[in-house]
Amino acid sequence: MLKAIIVGASGYAGAKLAYYLTKHPNIELVALTVSENSLDAGKLISDRFLYPQLKGVVDLPLIATADYSSLVKDIDIVFLATEHSVSHDIAPFFLENGCTVFDLSGAFRVNSPSFYTQFYGFEHQHQQWLDKAVYGLAEWNFDAIKNAQLIAVPGCYPTASQLPLKPLIEEDLLDKRQWPVINAVSGVSGAGRKPSTNNLFCEVSLHAYGIFTHRHQPEIATHLGQEVIFTPHLGCFKDGIHATITCQVKEGVSEEDILTALNKYYDDKPLVRVYQKQWPALKSVIGLPYCDIGFVLKGQHLILISVEDNLLKGAAAQAVQCMNIRFGFDEITALL
Amino acid sequence: MLKAIIVGASGYAGAKLAYYLTKHPNIELVALTVSENSLDAGKLISDRFLYPQLKGVVDLPLIATADYSSLVKDIDIVFLATEHSVSHDIAPFFLENGCTVFDLSGAFRVNSPSFYTQFYGFEHQHQQWLDKAVYGLAEWNFDAIKNAQLIAVPGCYPTASQLPLKPLIEEDLLDKRQWPVINAVSGVSGAGRKPSTNNLFCEVSLHAYGIFTHRHQPEIATHLGQEVIFTPHLGCFKDGIHATITCQVKEGVSEEDILTALNKYYDDKPLVRVYQKQWPALKSVIGLPYCDIGFVLKGQHLILISVEDNLLKGAAAQAVQCMNIRFGFDEITALL
Amino acid sequence: MLKAIIVGASGYAGAKLAYYLTKHPNIELVALTVSENSLDAGKLISDRFLYPQLKGVVDLPLIATADYSSLVKDIDIVFLATEHSVSHDIAPFFLENGCTVFDLSGAFRVNSPSFYTQFYGFEHQHQQWLDKAVYGLAEWNFDAIKNAQLIAVPGCYPTASQLPLKPLIEEDLLDKRQWPVINAVSGVSGAGRKPSTNNLFCEVSLHAYGIFTHRHQPEIATHLGQEVIFTPHLGCFKDGIHATITCQVKEGVSEEDILTALNKYYDDKPLVRVYQKQWPALKSVIGLPYCDIGFVLKGQHLILISVEDNLLKGAAAQAVQCMNIRFGFDEITALL
Amino acid sequence: MLKAIIVGASGYAGAKLAYYLTKHPNIELVALTVSENSLDAGKLISDRFLYPQLKGVVDLPLIATADYSSLVKDIDIVFLATEHSVSHDIAPFFLENGCTVFDLSGAFRVNSPSFYTQFYGFEHQHQQWLDKAVYGLAEWNFDAIKNAQLIAVPGCYPTASQLPLKPLIEEDLLDKRQWPVINAVSGVSGAGRKPSTNNLFCEVSLHAYGIFTHRHQPEIATHLGQEVIFTPHLGCFKDGIHATITCQVKEGVSEEDILTALNKYYDDKPLVRVYQKQWPALKSVIGLPYCDIGFVLKGQHLILISVEDNLLKGAAAQAVQCMNIRFGFDEITALL
């Protein structure tokens, strides 16, 4: 049994992680932590006002701490479900103590000195760990993940955006001069559990946000090696991401070419489901660890549709998938 | 033209008031105020992040102030869409300066010294105004409202609860030993626009709250002259209140007796709609100033159903209805 | 491995059953059937327009048939997720061929000749099977279920209503002259997957229905041995039932008496979770096989709150729980 | 007073029309009709199971008829809120009897013989009326509408798509080689009130539909004079359309150029609201007759956002707006 902790366990992704890790036959979940001044400190994660669905399933307390020195001795695995700046600051401590770290924040996703100053507004202090970090897009970086100590789990939008596009880029089917137009709609849980007017029940209403300025645009472009126009939206639903990607294929590319490309990379991947002559609706994946992909081609115009649960394949499930890969477990253990 | 202001205009009821008063042919809406430290201070009420639906309709700024001395000189009417304690503190100032005050809070709804200590946790300082305040249940206190300077507009639950029950009590049709059981479900807007975990889009889920402890229970019981068991719930919808009232009629009371009683009091009332051999659904009243009432009788068991928009007949529309009554306008001016 | 089929597999409860039975280590799910003229005939249950979430998980076709003679030879267990009249007509065939039948309809829930003429509008033809049928309220009829060939799984409202009330009745804590008032709100999935104006996205709105006439009222009263006033409502959400039960306890009954009674019957039951000094919200149980119960006592007035997923503890999960009991598997196998 | 009827009054757009026309000071609404075999025939439009919100406001019965010969004598204006084929068949009868017809269907929107065979699957029989029909995009065809007898009110998607794009095309700001990518999400009311599995409360889930095949694509392209890629989606909300339009401007075009173009055409238009350095959310327009437009420019990449209530500016309100223009009333009469 490997021992794991979740740092930042009171958030939506943290609670999903707690559920998966409790179900995992090879993992002992030893502690859930929250920040020192969290109002949830001391409560059980299954508290009536936190995650009552976990009552009787995961009844661990949320420990408020900023000092992990006693915890770190006993643990093998750390999941960081924390803000970017917190992950940035504490990941090295765990790494230097020999833990394997799965970071769900953006703190180690792009190995570029300028990326963090430009898009996150801080100077990255840990270039040595940026160099070693592996981007946890599980279907694409299997071998690197297997050998990594620090896995930077991709954001929810980048996962939904890259999984349909990467096979086409890899097989050189796209007319790269035309930037793919990614319109994605996220459920409100993507905004987290911190109260703000924007996320109130009575305020939510479909709208675009972060037009041309969202941090996931450069994350997508960097890892795709292709510029994109990315427009995120907030939808009127709790969970899930739906991405509609409009792009242009090279002359002569057929429907079959595209399906062949998708199948080449995903046929043996348990968490990507490719649709033939159809495309998925959001509900196909809610509560499930899949990313579903479909498409329609007309002339050189290609519409790709991808859907995922933003908290699962877009966060917690992909993190656990990476952990399964890293430690040689079946990729879907605890997930299906 | 009478001049009116709205104090606390950034909340949900305040914004509805702003809309009605702007449409009102006899009212000039001269100012909207918010508390001194409001984050919304200075913005237009029709700001993209406040009430963009009002863009081009009501484009007044939200003025942050705690000092109304300059404002008070020019105005005839004040709507207080403020917290109980704020209304309690500032209503006398406006009243002493000759304004007519419509208070949407609970600060003047019950003329009893002990009521506020017991249920609101503060010592009421203005007994002389409590004595003069008229309870603005418009269909029942028409004459008193006509002559009042301070109208305490009823809460949303009390309106939905009292309108169906009062005719039956007035006509002595109920077996009063059996306390009516009022189960009511409110939309989330009833909880206001202040961010809190409870009102987040991802947290809202049908549940009971304030069981045996909600302040509206004594308000209902006092004004009905009948004890009740009142259980409020938060529903998964934005606006509206749905009340299901289970009670017992006296032996021999017929369906016709009940319909006759309801019609006696509401036939000539434009904002109460009584259903015959049917009962309303919540959607009947959303965005509208009505309270709809229906019922079913079996033996001595009576189920009354009432629905209203919590922000309209349960707040802003009833306040404007009271103003229309008070100043001799047609009762539904600006409302329909 | 026991072999099972689901009759009526295209409905919401049928699809949940298909999922559970596929996950069950002791069950082989051999066929899914639908009625002869079903539009879904021939499609996979995981079809894009049926239950795409099951893609890759349960990919069985929906077989249209009214003739089960070839199927019946090989199977041990039949789940009937069919209309009352269909269950009534075909259950005997399976029973006479030696199958164990779990019927999710109301066709065998009450052993009384007059019940079906009065509340279901048909003459029951199978008194011998009514005599043998066991009511599958799993926490209460464990021993009878263990030995039954025909298990009539309770309706969703009756489960949510009886589980909180039965311990109090059993321990004689209620003042039985006061009929408990059960106000329950169901998600729209309770109305099934057959298109009708009432269930359209744009038509759904909180409302009461079947006041004094719903079939679940006599089912509840019969199995409780206590008359009740039961008012069902349709809520603005997909899944779940929330019941608010107002009743009167005998003089002298304390909060501790009630908690003791609930714990006495449910402490060792894995699918009932009792709350102490709290009560559950609907979200606690969505997607989960639990019934959660809480309560508040004031004087002799008692409010009980219970919640369940109407398709799970209110249908499919309880059916599988009964099967687990019947065949000696762990009660929660495939459910948690 | 002009006399008007609504044909197809039981649908969502029909009911909105009934409300507006009842409020209109210059119109007498004389009849509401439905198709001969409608289940709603004979009911009041304000029936509990139709549009109870209209109770006491519009209490006209729905008359089932296919023979309008008696009706036609007395009326000046006909609104057709009917299916394309019905409008196609009956519009000429009303026109030949001297009525002015506002058709909300697609039957007369494009003056091209091949359009209907190709996209609607029928041979258009009324070329003479196609020739005379005026496309009712109110802000753009004011003069033509003033003199028309047959006004083809645009579809909901085409209105939301054309209003932001037309000023830019008119001012020649777009790089027309790059087809604008229009991603639009519609509320479920756009699919009508006819029961179908797709529109059930439990089935609705964000998804794209009609990719490359929706009839509104050629309607948009024809009236814009610009090819577009149009991808419609069904959203998880009742009313409204949100369009995100990604396009490319010519080199050197600035933010100010775009704002100037939008203001040039809409500054004096009461039902189009242009946002400066901001863009609207869907809620800005729900229940209101506006189309709101905002945009962001980065380099030559332009994102336009437009929102409208699909049943209002996308149907009933625009039809009434056209009527107001046609008969010389203030453009917003009955609408605001």
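Read from first to last, the chains carry the letters A, B, C and D; within each, the first residue is number 1.
Operating definition for what follows: a contact is a pair of C-beta atoms (placed from the backbone, for glycine too) under 8 Å apart; a residue touches a chain by one contact, two chains touch by 3 or more.
If you're wondering where the values come from, they're calculated on a predicted model, not measured in any experiment.
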{"item": "Comparison of B-D and B-C (more C-beta pairs in contact)", "value": "B-C"}
{"item": "Equivalent interface to A-B, taken from A-D, C-D or A-C so that over half of the residue contact pairs match", "value": "C-D"}
{"item": "Chain centre separation in whole Å, for subunit D relative to subunit C (CA means)", "value": "45"}
{"item": "Centre distance in Å when subunit B and subunit C are each reduced to the mean of their C-alpha atoms", "value": "40"}
{"item": "Between subunit B and subunit D, centroid-to-centroid distance (C-alpha), Å", "value": "37"}
{"item": "Multi-chain contact sites of subunit C, meaning residues that touch two or more partners", "value": "203, 280-281, 283-284, 286"}
{"item": "Graph class of chain-chain contacts, one of line, ring, star, complete, other", "value": "complete"}
{"item": "For the subunit A and subunit D complex, residues of the former touching the latter", "value": "178, 181, 183, 185, 203, 205-208, 211-212, 229, 231, 233, 235-237, 240, 242, 244, 246, 279-283, 286, 296, 298, 301, 303, 305"}
{"item": "Subunit B residues within the subunit D interface of the complex", "value": "48, 52-53, 55-57, 270, 273, 275, 278-281, 283-288, 290, 292, 336"}
{"item": "Contact set on subunit A toward subunit B in their complex", "value": "12, 49, 187-189, 193, 195-197, 199-204, 238-239"}
